[in-house]
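Please read the structure below before turning to the comments.
Chains: A, B, C and D, in written order; residue numbering restarts at 1 for each.
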């Protein structure tokens, strides 16, 4: 029987240390791990590097950690939904590394899959190829993108069992799947917690093999209450 | 004077073919969903992880887990489904999307597109645009012809950092429609109601040929 | 509304021509597209190149096409379950290119994802690296594996709708997912056919975007009859 | 004389640690599942696309869609799940498997493993072995000490094409257990009942050190 990974949030988050890299699931609020981000706000950590599609939506999400001065650098595809991020960048308080969305997702997946990198045609002829190795194959140019390994990943799922098998709902799946794959220590907040065997083995989106700790999501961040949920 | 955005979206809608799989950028391109011609079924992919995007939900039926890449609430049509971001961009980069419609800051003679950064000023990020431009079979630029200061967005050469190199296939503005041919470059095919060939020449910096059968009053108004 | 892709098997299979490359789903009989292979046995095609984990199990599967002399080359990770294949190879009637299982799966996925290739540590220091470009990244050596694009893919799913959204069952998922991604024309045989909207949009394993034609699987190859099926 | 395979599987089972995720090769390694110690829970991954492999199903309850990589019917324990081959090898290559147990044709002084081809004779293929050897945190070679013709499988240098270079961490045979240390190489830690240090020396071609605390009569009947 796989082990129980449900632990107190403080214990799970104690793995986060200053200077670490963190992969964050979610897409401008859809599936963002807000419970874990709220907890991070209470912690004395700094110089974090964030890998995420964006920095949240309006006032919520990783942008709150930037406001607190905890974040050194954000690697993201889009920061337009959080005006504070652009401001922090322009004032020199934050480094931002724009990365094509598909490249960022694949960097995470590849890191989790033990691949050293991949060849993408995306960004050829743009500044996305600056400083990158270009490889020509069958007459087409590709950027060699090294894969990504992070110290920590924080993600959110709609349903999870105690071993960390996860099911997402709707468009909240997004970066939660690749982020879960690429980190040494993966913390999932789940909206609805099940015992092992309750989730359909054919319908798991993220296997518990990728997950190290499971915590309950704050009820206000749950999109559907347990009684209404049908996996 | 008709609304420029609706004119563009309406003309773009007429490009759609039955069975096509399309991706619509945030903003103006999203309006194209309102102009799918009668009898034409297209499947709309949204890069944050959905396919088969349908009409917006009724007020009160919005769902935080069902939204598009612009965070607007969506529904799915029967047959639609959800997936993760790595799979979404496998679809996009892998050539499984027939057409993408994107706004732009600049587009040029060679088909270069610049729409993600104004150096020293605004950085929104490229989002999924670089992948969409690289992977979609047809890249439509749907944009007002000129920027707010009146300068032509259809330039000799882009001055902002590119989103994609030599990838634009069609440009649709509120004034004209151009198609790019691999050998001959941009060809003006249609001019909107209220504009003359001279008007287009006057507000277009990139070089282009005029189609022998160029259509005047082709759309708009 | 997405279009109906259910067509007669002969129409779907008419896309297969001599000399083509075919990606085949399944794993030694688990999820093998036997209905489509049966149809291929009746067709006048030759010099096919097959990309598959194996060549079937005992007497069934792609091995039947090898017996008919239709196959020029098999790229597979394992041919031990079909003794006829080794015999055909040793007699010079068939070319076999052994490929690590994970590399083959990733070649297919990468081809379908528009990537030019990937860097794998698998096979470094073995003959798997012969003739391949080696790239060193962060002090580790990787084989640069070009991605795979095939003319045709034939796969099998447990449930499918008329647009080609597919759900697999148990360990029959295997190579059916990556094979479905990498081909110009993808034919899926489905054990249980549904109308659009009947399958859970959160539970689809292969999106219909990857599938070109849907046919019914021969009833004898169905693991569960429709009335017993619960997606 | 106890059955060599059961002796090996039984000793290998004692290596298992609570919470480990393991992959068992086809044949002998599959037997290890029968020797998981009391109080130790391990999670078994099967590379054809399942995790949480449980006991074989009752006769009559076999299911064609539930089998391992050797095509033997399986069940899953609660919490188990299924996935595709690309995801399976993401798990394997990505270092998410704690230990893999594989048979071999040859293993050598440097930890090289050769188990997929006898040149000019037999080609089964490497299956998932190359990925497992590369990706798993601990690589166990579980194999009879000598081949059928009596030659040592524990060689100075492999003569068959390799499956993995310098990847073997532990060798368990029916006669002995060796562990490889990055600096000092192979160390003989245990000798099975019925064998002496001299016996092991006589049937082992690779160089090895003998542990100061080497255990005799360590396992086997």
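Please note the rule applied: a contact is a pair of C-beta atoms (placed from the backbone, for glycine too) under 8 Å apart; a residue touches a chain by one contact, two chains touch by 3 or more.
These numbers were taken from a predicted model, which means no experiment stands behind them.
When the partners of subunit C are compared with those of subunit D, the chains appearing in both lists are A. Work out the mean CA point of subunit B and of subunit D, and you get 56 Å between them.
Inter-chain centre distance (subunit A to subunit C, centres taken as mean C-alpha positions): 31 Å. For this pair, subunit B with subunit C, the centres built from the Cα atoms lie 35 Å apart.
Between subunit A and subunit B, the centres computed from C-alpha atoms are 29 Å apart.
Contact with two or more other chains is made by residues 82-83, 87, 89, 92-93, 134-135 of subunit B. Shared interface positions of subunit C, defined as residues touching 2 or more other chains, are 106, 109, 113-115, 120-121, 168-170, 201-202.
Contacts between chains, counted with the stated touch criterion, involve the pairs A-B, A-C, A-D, B-C, C-D. Looking at the complex, you find that subunit D touches subunit A at residues 18-19, 21, 41, 43, 45, 51-52, 76-83, 87, 89-96, 134-135. Residue ranges of subunit B in contact with subunit A, taken from their complex: 46-50, 63-69, 71, 74, 82-89, 92-93, 112, 116-117, 122-131, 134-135, 161-166.
On the side of subunit C, the complex with subunit D involves touching residues 27-31, 53-54, 57, 76-81, 86, 89, 96, 98, 100-103, 105-106, 108-109, 120-128, 158, 168-178, 205, 223. Residues 106, 110, 113-121, 135, 137-138, 140, 142, 144, 146-147, 167-170, 200-203 of subunit A touch subunit C in their complex.
Note for the complex: subunit C touches subunit B at residues 1-3, 109, 111-115, 161-163, 165, 181, 195-197, 199, 201-202, 204, 207-210.
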